[in-house]
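Please go over the structures that come below.
Both complexes below contain subunit A, partnered by subunit B and then by subunit C.
Take a look at the complex of A and B:
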């Protein structure tokens, strides 16, 4: 093969010149497809969605009618006719609600004050103010609805799925990973088996859990009959329905937490644990002092990924309860989807944007205050 | 020796006989928990399997647990789907296969190229150029909005103007962003809930008359899964020793050839694991398919939910059959994928 350095440019054939040109542009060529795809299918829709969120948008026969309405769509969610749906019903705050709200406010102010005292950076300060406001808003929302005896809307339901679901999945996932990390027989078998739910389509899981939860014809109906709950239905009680969906979601996602934590556990060198065992440390001490600190960076990252995905939950509530009873199990994604189905595109985009805002603030907060700290400790 | 004599029965049960081994009591507890979780995982799957063999009476009559003992299994649901309704089933199945395979292929090739480039080539896109691009796009959108010009034309014009501007005044900008920023930008796209972007994507495809086609779903799935590929492969590319590529380049191989003949073969384990993961995600996807396909490009998850929307109520038996034929390929992939995960391919990326 002749190299281009040895031959003068004139003697190159057209094909060689072309491949030379391609090689010079290689750095652009490699990254352009990905950038273009993301620009066209992610960034452009993101901007377009923002515009839709600020307008009244009607789908006609082959054409659209767009009218700029400013913040009307958002106003409707927060203060207007959709308030019960998005935030929940408000009927004054109970004493307990006030106590919790004031306690949360004091805690957040103390947290901000401590940040200003120790190290101050204006961008970090602004970020912390945004996080604090969102956290305060969440506490206020739950105090005014849950703690005051009224129902919360889709925002509350989404947060319930994220926090309760993630906590449950982390707890059980870590538990099984620890069990599987013991010197047991058939570890590969357990690993493959426990991994399978993650790969099953959420639709399948939704219908399978509907069958399992049936109190009259499902496999556990003898148990329900025996407990005298034969007439009870998971789908008609708001809290039962929510918990039911969290269980379905957890059944699918525990394997994810499990498989990554198990790999992390197996990566921890055995010698420290064995040295501690020789020194007479108990199992709990070994876990707390040796395993846990080394597991923490991976655990924090896994929970971040899990949180991001949990905010998107839409197929399970759609299949298992169709958002019912009432709006008790409707996540924000599902809320937005229903709005789209009734051709109210402005509302749909507004809800989607609110979801994006909450997701970004909570995930970035978690990343900045928890994950980065743990990664730095490990490094 | 006195120490050994002092051991009571309780000691013997709860004390490990040797370092790195379990005490009998602990072992009992561990295996009991694992067995319990095995049941939790396997029972829903078992229930799906036997429901697919039940007749309508067996499903509605109450819980029956064991075939041939409690009820006589019948293949009527299987027959219905594969003999009478085979056109519908087959079409959805092939649609799913085509869409999942092609979108995975596209996603992996685009994503691993980007990951390789970000790991090896230093990019310095000028901050000013990005700003210019945003301004050009806003101007284009404004023109479409105000004067009703065709949006394809304005976008082409905006890109052309931007290109000319970059060529002429681009070199005066000083500030630039780095590889880390590009990487973060790409990976952060995963945070976007699909519901935010799907309505404009729907309208875009409607405008291009591509709604309910394979292309629409393939492109959308590719972009949704791209962040995962870039994230996992970037880490993997970084772990490949750079010396091999350097010597290939000294021998006069072009970047593309280095990538194709040296990097890709070395990245095989990472590629395999990522491919399987993306394939499964595309195979199971639901909400985007609901928006973008109706009948022509219908995938299996849509078939399942459409099947249950009919007047006959939920056909549990047929639905279980469809779920089973959906699960089977995935379980095989899970077993394949397990090999890579135990090697810690995915762990590296999580560790950051």
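Take a look at the complex of A and C:
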């Protein structure tokens, strides 16, 4: 059509010109609603919250006031009155803390040095510098708090939920998937059964686990009493409370890991495994050399999704302990929520952006340095 | 069964009133008007609003829609709705102390002309504290009270009589009684029970309890003295020995409480008290009516109530140290013990959105007045599940309604006597009523208290942190403005 118009010697009518213009703009017109929707519902809130992160927000008569405060909301988290809450309490570093910190620093320097020596690319180098600084910051944080006998803040609690929770969920999820991949009776029944927790709302799980873990009134209280734990309350011990929250979170998310790994396992061709069995390979050797390399891309994706979700954990600590005892179970999301609830929107947005930064750096680092490396090895 | 009877009586009387009124001139006065009320989740507070709302609809035609949000989000929702001009809420039912911030932003209707023209309200029957202090801001009535709040000390009268103990009048006696009763089976189930039950959960009500304990140590010169800030400098009166002692006392009560007390809110401790598992408890006025509730069968006619314990060592504000009570320092002391009952929370009260339509405002006021009028409220306060506690003279001076509801005459007198002792105390401590109250108390105080209870920090560190946090909030809102608001809230006019 366009060709015929272009080659036509006669002048175009107004209608034809309009039609041609519409034709040219069609792609823009069709994509505009989607772009507008994204701008309104995604980009605008993102920009607005970024502005609020650098402001003090106050509701007043018929309106609101936004006062620009620069980096104050962020400064407060790192050096001000909220330092203990976000980072933790610092009272000098223990010798062990120093040893771990120096070891971590040396390892990261060696890692950067090795990168420079082997395949240097400036963009990759900047990325590695950012990752190295964040990792060093995390090691420094745990050395100065956990390893020095003081308490870490909501950043440390969030990292605990992410690393411990995801590791537990992956280990158990993979184990159950390997079991259910075996030709056993009632496989379908177990698949449905294991999948049910994923469909329950986290708030329901929070209340259920709070009741289940109650040592004095819960359904397992006779067991607790029998074990001599009747006077012990998990909710009043920081580590027990954190562990119970990880257990509750794992109970919900293990099925997710399980179902995806099971699907991946069932897609692995059996002929390679059977050939290995004929050659006398042990079960562990078959898993390590045949199953695991083929499972790796799916496993990495699952863990990436789980890590992103775990960074946002808020329901369980809110319901089970309200962030207590003290601030021992308060995640960064909960920290941000509590600030938002008291209308301190600037601080709430600042914490949310810090969470976004940590999540992006750790997840991108995990993908770039762990997953891609392993995939290259497997290939 | 009693609860069912009470509900049935209340509904029947409401319907009767509705039938009578429906034929009068008031009938269908507010036909077609819909009033959106926002409050905390029921059944406490909200459910009675729903039930009385149905009666009100039958009488006047105005439809009452009660919306509920979690307690912790209530103030934020109302402030956001009214300040941003969304105005989807016509009436907010919340803590009276929060209204100061709303009034400061000119978001709530002045109810003075409504009250003056309302004979059915029987304004003078409302106890002076609630009438003049709780409902008014800057001398104008901005709120209608539907619940009167004080924290009191409850004890198991039967157990104390059996063991020859007297109700504690100071914290040393409290601890001794808690120790003596801890581990005793108080409800006959063969299990050892608790000497003391006080809610200590974070993000719940624990900060009200610590203020109740601290008031006695901090305030000696009467209500106008206040105990949160210095009225001249607006510096927090918190980094001192009085608050450190209060924190230590509050924490020490946990030795005789349930193992999971740190994770228990008011609902959890009330369930324990109703189950007959606590010898001592601190609570608002709810335990009295809850003891005649079917769920409280284990404690029916077994509870006693007294004003909060006092202390003979009080704060010297100049040195920040605790000193012995003398007639000069503690002019209101009884036998050398300073008492300062704390009007924790002030009570649930209704405020009307200034931006609502005039017809809606009239109907909304009529509904709040209906809730407050003695015909309704004198019944509602006798039912534990409503969450409403007495605030009218007719509720406090006569035991008739209470006995009718199921109280024994002896307990009714004891219970009302404890409330009146608190209410009439010239050294009664008022709750904080300045902009930012939710941040001062619900964020900073609550968090540092939780950290102290969890052994994360010492009492000295906790009060230093609270002082720093409160100073930041004061600076943020403006020190001069906050000082004037604080002084006005204490009735200081110069």
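FYI, the second predicted complex is superposed on the first by the 335 of 379 C-alpha atoms of A that agree within 3 Å, B and C clash if a C-alpha of one lies under 4 Å from a C-alpha of the other, contacts with A are read in each partner's own complex, and residues count from 1 in each chain.
Everything that follows uses one rule, which is that contacts are C-beta pairs under 8 Å (C-beta built on N, C-alpha and C of every residue); 3 or more make two chains touch, one makes a residue touch a chain.
Bear in mind that the values here come from a model prediction, so they are computed numbers and not experimental data.
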Subunit B or subunit C: which reaches more residues on subunit A? B
So, A:123: does it touch subunit B (first), subunit C (second), both, or neither? neither
With both complexes overlaid on chain A, does A:342 touch subunit B (first), subunit C (second), both or neither? second
Applying the document's definition of touch, where does A:34 land relative to subunit B and subunit C: first, second, both, or neither? first
Taking the superposition as given, does A:95 touch the first partner, subunit B, the second, subunit C, both, or neither? neither
Scan A:232 for contacts with subunit B and subunit C and give back first, second, both or neither. second
Have a look at where A:322 lands relative to subunit B and subunit C in the superposition and call it first, second, both or neither. second
Residues on subunit A touched by both subunit B and subunit C 64, 216
Note which residues of subunit C are touching subunit A in the complex, please. 72-73, 76, 79-80, 83-85, 105-107, 201-204, 258-263, 355, 438-439, 442-443, 447, 450-457, 465, 468-469, 472, 476
Considering only the defined contacts, which subunit B positions touch subunit A in the complex? 16, 19-22, 26-27, 30-31, 33-34, 37-38, 40-45, 47-48, 51, 59-63, 65, 110-111, 113-114, 116-118, 121, 123, 137, 141, 182, 185-186, 189-201, 203-204, 219-220, 222-223, 226, 230, 252, 254-256, 259, 280, 283-284, 286-287, 290-291, 300-301, 304-305, 308, 314, 316, 319-320, 323, 326-327, 330-331, 333-335, 337-338, 341-342, 344, 346-347, 350-352
Residues of subunit A touching subunit B in the complex: 1, 3-5, 19, 22-23, 26-27, 29-31, 33-35, 37-38, 40-42, 44-49, 52, 64, 175-176, 179-180, 182-184, 188, 190-205, 207-209, 211-212, 216-222, 251, 259-260, 263-264, 266-267, 270, 274, 277-278, 283, 297-298, 301-302, 305, 308, 311-312, 314-315, 319, 332-333, 336-337, 340, 345, 348-349, 352-353, 355-356, 359-360, 363, 375
Subunit C contact footprint on subunit A (complex, rising order): 56, 59-64, 81, 84-85, 89, 151, 214-216, 230-233, 235-236, 238, 321-328, 338, 341-344
